[in-house]
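A, B, C, D, E and F label the chains in the order they appear, each numbered from 1.
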């Protein structure tokens, strides 16, 4: 067996591995890994009883497929030495060869390169899982598997390279200088826009919208939201890649934005539907976590509050008005929450990012005076690239997979439920 | 926007931020944050099906409201530069201005001040959430929101200042020297005593005690207990504010006390009810976690066992005899477990605290010979202050809120359930 | 009270406590602690509605009983100064006396001895809990308690000493040199083989195999699997006992093996049962986590993929063919998954361990050329010792407990369910 | 012999069972159901989507009785189940031909109790 | 008075309720049941263990109506519940002696509605 | 035509269904219920609070059959459901006027099967 030592031999003399930073990256990686099961429960609790397992299964499958893809070639495509002027990573790190114990500039300077790789893997895993929210209750499992592998390789890996990769043309490592601290563009906009493509290609569920019964197990959904919130600290604060004041700032911004957005949605429900809803609050909180992701490390707590307000408002507007107006069937609002939340967050970063929060910010956001317009424009351009890329590629890939194996289960299978027809299981026993 | 950089610019030269300690505080903050959803499931699993969401919603709402309050002014009131001789913190840190990347004596010396702030926020969040246990199944949501904001500001923040604030008159920072390592007094006694006030002001649920059906979903309750136990390591061991042997000691004491108390309750059930119950064991374990909180960093494993025994016994006695004797309706025994558990723990700390466990203890507990009586007396005085303060203020605030919007839902709403009447949702579908 | 300061006075001058490593061990200990509740849900979701609490209760009880046993004498037996040439630890550390703040060679060099003790406690806790899977739905609670205490003391503690204890005759600390990074032999083989003894001694459940209804709550099972996966990072990566590149390597191997094994099982189901099942995927993933445990710190990602493949295949074969062939009733396949998975993992370590992954490996596995055969043989011998020891001792102890109080509930109790008959509770309300 | 079916408010169950006890009617079978009736249900809202005809939780009792016990049964249920508010439910009585006790196999009126 | 019992496909419930509404039949009691019928269920598989006769989720409606309403009720259910595929279910009608409204205590045909 | 209602022990369900199969009675509707009967339930305890009359889990079968099938149905249930212990349950038979198959709309005895 010829293969690469990951986390191998002690770092070359002279390079110091910082134990505190390493502990922080590892626990952050574990937290982000937990987010995908968390997402599974968040989504699974909201679908109908007969489809709960299909959602859980798809999320767990995303973990398996993407993790293996990442080890074999995904990481190399996303973060490997740049090819073709910032378009894609090379194949030098295929099979993780050369991804070892020594830090690797420009990614990490105090932790093993392999730690950065596994931490990033968890991001690659959850992104396609987010899309499940749009396709839930009607997508064939085989189609999901093929789509996930293709999408990770052809959509996520390049985009990650553009924004975070050394030499990527969008990001801070020698690109346009778009700010995306923890993945607002790479993770949420891309997943959200592909979700929009999904609902367009797949169409509505039978009985939508009048005869779809409500969330079958909201407490399960709340559990999912709780685990997502918990894991998001690893997602955002971990992205500082050091256990330092920057990580602390990102941690604070993350929590504050989530709290504000959750409360905002609850209040909007209170005003428009007479009562604040639990589902609304957790949906808002998740929206806040999404929206603060790109700016987490660049904003002050006040900036986070501002981001949280919009993160509660815009997705709420989309779900309340836009959705009915356009009449699309985004089962779990993957587009409404992740797509719009991500776009808002990326733009808002251009408004409230400031050097006071993070000296690395060399152009303050618009609200912080001169230069802001410029940064805002950069953010806008990066958003456009991500939106177009992920939406168009999403359309194409869904079409391709549809031709290959068909995207949707047949009417009868949809009626009986995906758990039984796709997995020969049921979530809960009725008689026992 | 004029606002404060939290976790901003690198710490001033000369001040060293320790990455290991910072990683520890951040993960501890995340763990404590997870406790509130954990509490939601612990409580939510024990109520009736028709009220499960109301409990989850109130817990999530506590996170949102208190987090925002903390950022805006709560932290400043609790930990800001002392005003009026130890009574309250000043407004210097309103909006977190000045709460930055540099350590802040006497609170933290090796991690950013902002890390201490966010860590403490999670304590402020869970405390009012604990009170929900007493009001569950009958409190208006609007009343809960108002009460939570008032109580955090007028009861919790001052008490936190007295015990932990620089110059607080009860604590170690220039006060009487009462020992409260992680919040037995500030968190559990205050919540538990206010819970007692709640049951007095609100009265019983309809049908109490004969026709209240049992916990609708005990496995959910066990999940909550498990998450609480897990999060409590951040609560107690994190309170060492360094990743050092003190944190380890607190970690050990926490786990041991929980195990002993859980087993104690189970054995008491076995003796008095012929069988050991699952609910009894997890209730006992939570009681043990509560009771060890004030002493976690000051006791040996043997001391923790001693605390755990009492933590299993006293709440059990309260729930088994006192409750029926007095006939109050403390829905989820917030008073029985947190109030009494907290009082026992605070006093027991005066018995088993010892310098052998923590050199910072300058007066050993009573069991460790001379000087103990003195420390025990200090603990006793501090407990009295906390008991009176939180009980009286609780009574007053509940009355005030009752006059403002009314505390209880009407009879019909209580019959139909709070999920539907307060939130227009149901937890689980029956037909789907 | 005469007792030992755990996590006491600052480490003696000259000995440096590393905060990063300490933070990592503590969070790892918390993660491993969470695995037992996780296991409870994994198991609890798969039994019938009427027995869910009995499984949760047994798991929580294992935490309580073993934690106390560990503090009082268990730790000393397992890791105390060697007695009788590597057979058992002495009583020097009874009550944790002398288990303090200073590091302790050969176990830990940069963290407090007490941290190592509490971390190891969590391993001792989960091991007997794993056995529950074989006895579920028919074992008396009293029998479980007695058995757990006896088994931990007489089977686990000695075995842990042999493999990990200073001077233990199997391990690296002056023994045969068998590689067991995080407990494949000590934890999984021992639990799995004792599980086999259990099914032999206890016999089948009524109605097995035709009229046993399916998992009553698969989402709960998935939650358990998710928490196990999350916690396993602490289990394996924490076993590096430093936050360094070795921990990172173990972290990567753990995740990769789980992903591969989960996918493998799903694909096998797809081929043989026409559809991939959710239960199959999570079972496979757990099998992968089990199998990679002994080798986590010694293998490359490619090695982990290899281990994962076998971890999906062998337990699947056992559950699909062996089980029906032999007709035993291993309720939750504790033997099939943990026993066989553990054996495969221990042997596979002898195939793919390599110095490239960990310089501490002084004899590469078979696939890495010369010397491999030797290491493989050592692994084989160690496996044999563990298999025989835990199986035979398991048989004996079950017989003993059977004579003492009887192992099985009576037919009527089994029909009505263990929740009601052993704990006077029910998991979920039907009417409420 | 009659087969009595009653739909009541879930929170009246304990009271109704108590009253039945008093009248020596010990054997009952209870089911959790949902019902649409006069009672205006509250329209549930999920992410701003209003659920149309929300069905309300009710509890269904089934009691097989000998003819002499029909009236007492009805009385017990009405007394125990009445709150006076819309949604209290109904009692339906259908005729029953046979009744068999599985344990013993014996049949007819004596098998009912 | 008649007591109508119908077993339908769970996902036809909304449609059936709508049709009943149209025909002024507002009061219904609904239960979640499982059934074994002509419809071949899918054999579930758990860790390679095949579950034998898996019962399928169905929904049960119970409607007490006056004689004139029997046919409309049956029509509404058949129209709303029919998919044409095996598994659509059945309607059973039994005779009902008495009907009592718990809230008011009044009895007979007028108590039904 | 008759409508047979049986209350059995949950763990006897499989056996009863098997016996029914043997007697060519394939169509059944099953509901999860709780019941109060002769069988003394175990009093549940939660935080030292004893639950009063705890209802026990039972399983309810409903089978519409043509008159010739009534006895076989009863036999199958009694044979399959009997454990001899208190709690085995009861079988109730009521008369049925009409039976309609939703899928086809055809009615009467042939619609039953």
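Everything that follows uses one rule, which is that a residue touches a chain if its C-beta (ideal position, glycine included) is under 8 Å from a C-beta of that chain, and two chains touch if they have at least 3 such contacts.
Everything quoted here is computed from the prediction, not taken from an experiment.
Any chain touching subunit C that also touches subunit D appears here: A, B, E, F. Graph distance from subunit C to subunit E, where chains that touch are one step apart, equals 1. Looking at A-D alongside B-E, one finds more C-beta pairs in contact between the chains of A-D. Separating the centre of subunit B from that of subunit F, both taken as means of CA atoms, is a distance of 50 Å.
Between the CA-based centres of subunit B and subunit C the separation comes to 33 Å, rounded to the whole angstrom. In terms of their C-alpha centroids, the spacing between subunit B and subunit D amounts to 44 Å. Shared interface positions of subunit A, i.e. residues touching 2 or more other chains, are given as 18-21, 23, 27, 50, 210, 214-215, 217, 223, 273, 275, 277, 279, 424-426, 430-432. In subunit D, 13-14, 30-34, 44-46, 52, 55, 83, 85, 94-95 are the positions where the chain touches two or more neighbouring chains simultaneously. If each chain is drawn as a node and touching chains are joined, the picture has every node linked to every other. Within the complex, the subunit E residues that touch subunit F are 2, 5-8, 31, 33-38, 52-53, 55, 58, 60, 70, 74, 77-78, 81-95. Per the touch definition, subunit C reaches subunit B in the complex via residues 1, 3-11, 17-23, 26-27, 29-30, 33-34, 37-38, 40-41, 44, 52-53, 56-57, 60-61, 63-65, 67-68, 71, 95-96, 100-101, 111-112, 114-115, 117-118, 121, 141, 217, 220, 223, 422-429, 431-432. For subunit D in complex with subunit F, the touching residues are 3, 14, 17, 21, 26-31, 62, 64, 94-103, 105, 111-112. Contacts from subunit A toward subunit B in the complex involve residues 18-21, 23-24, 27, 31, 48-50, 110, 213-219, 222-223, 225-226, 229-230, 233-234, 237, 242-253, 255-256, 259-260, 262-263, 266, 273-279, 281-282, 285, 300-303, 305-306, 352, 354, 356-359, 367-368. Note for the complex: subunit C touches subunit D at residues 430-432.
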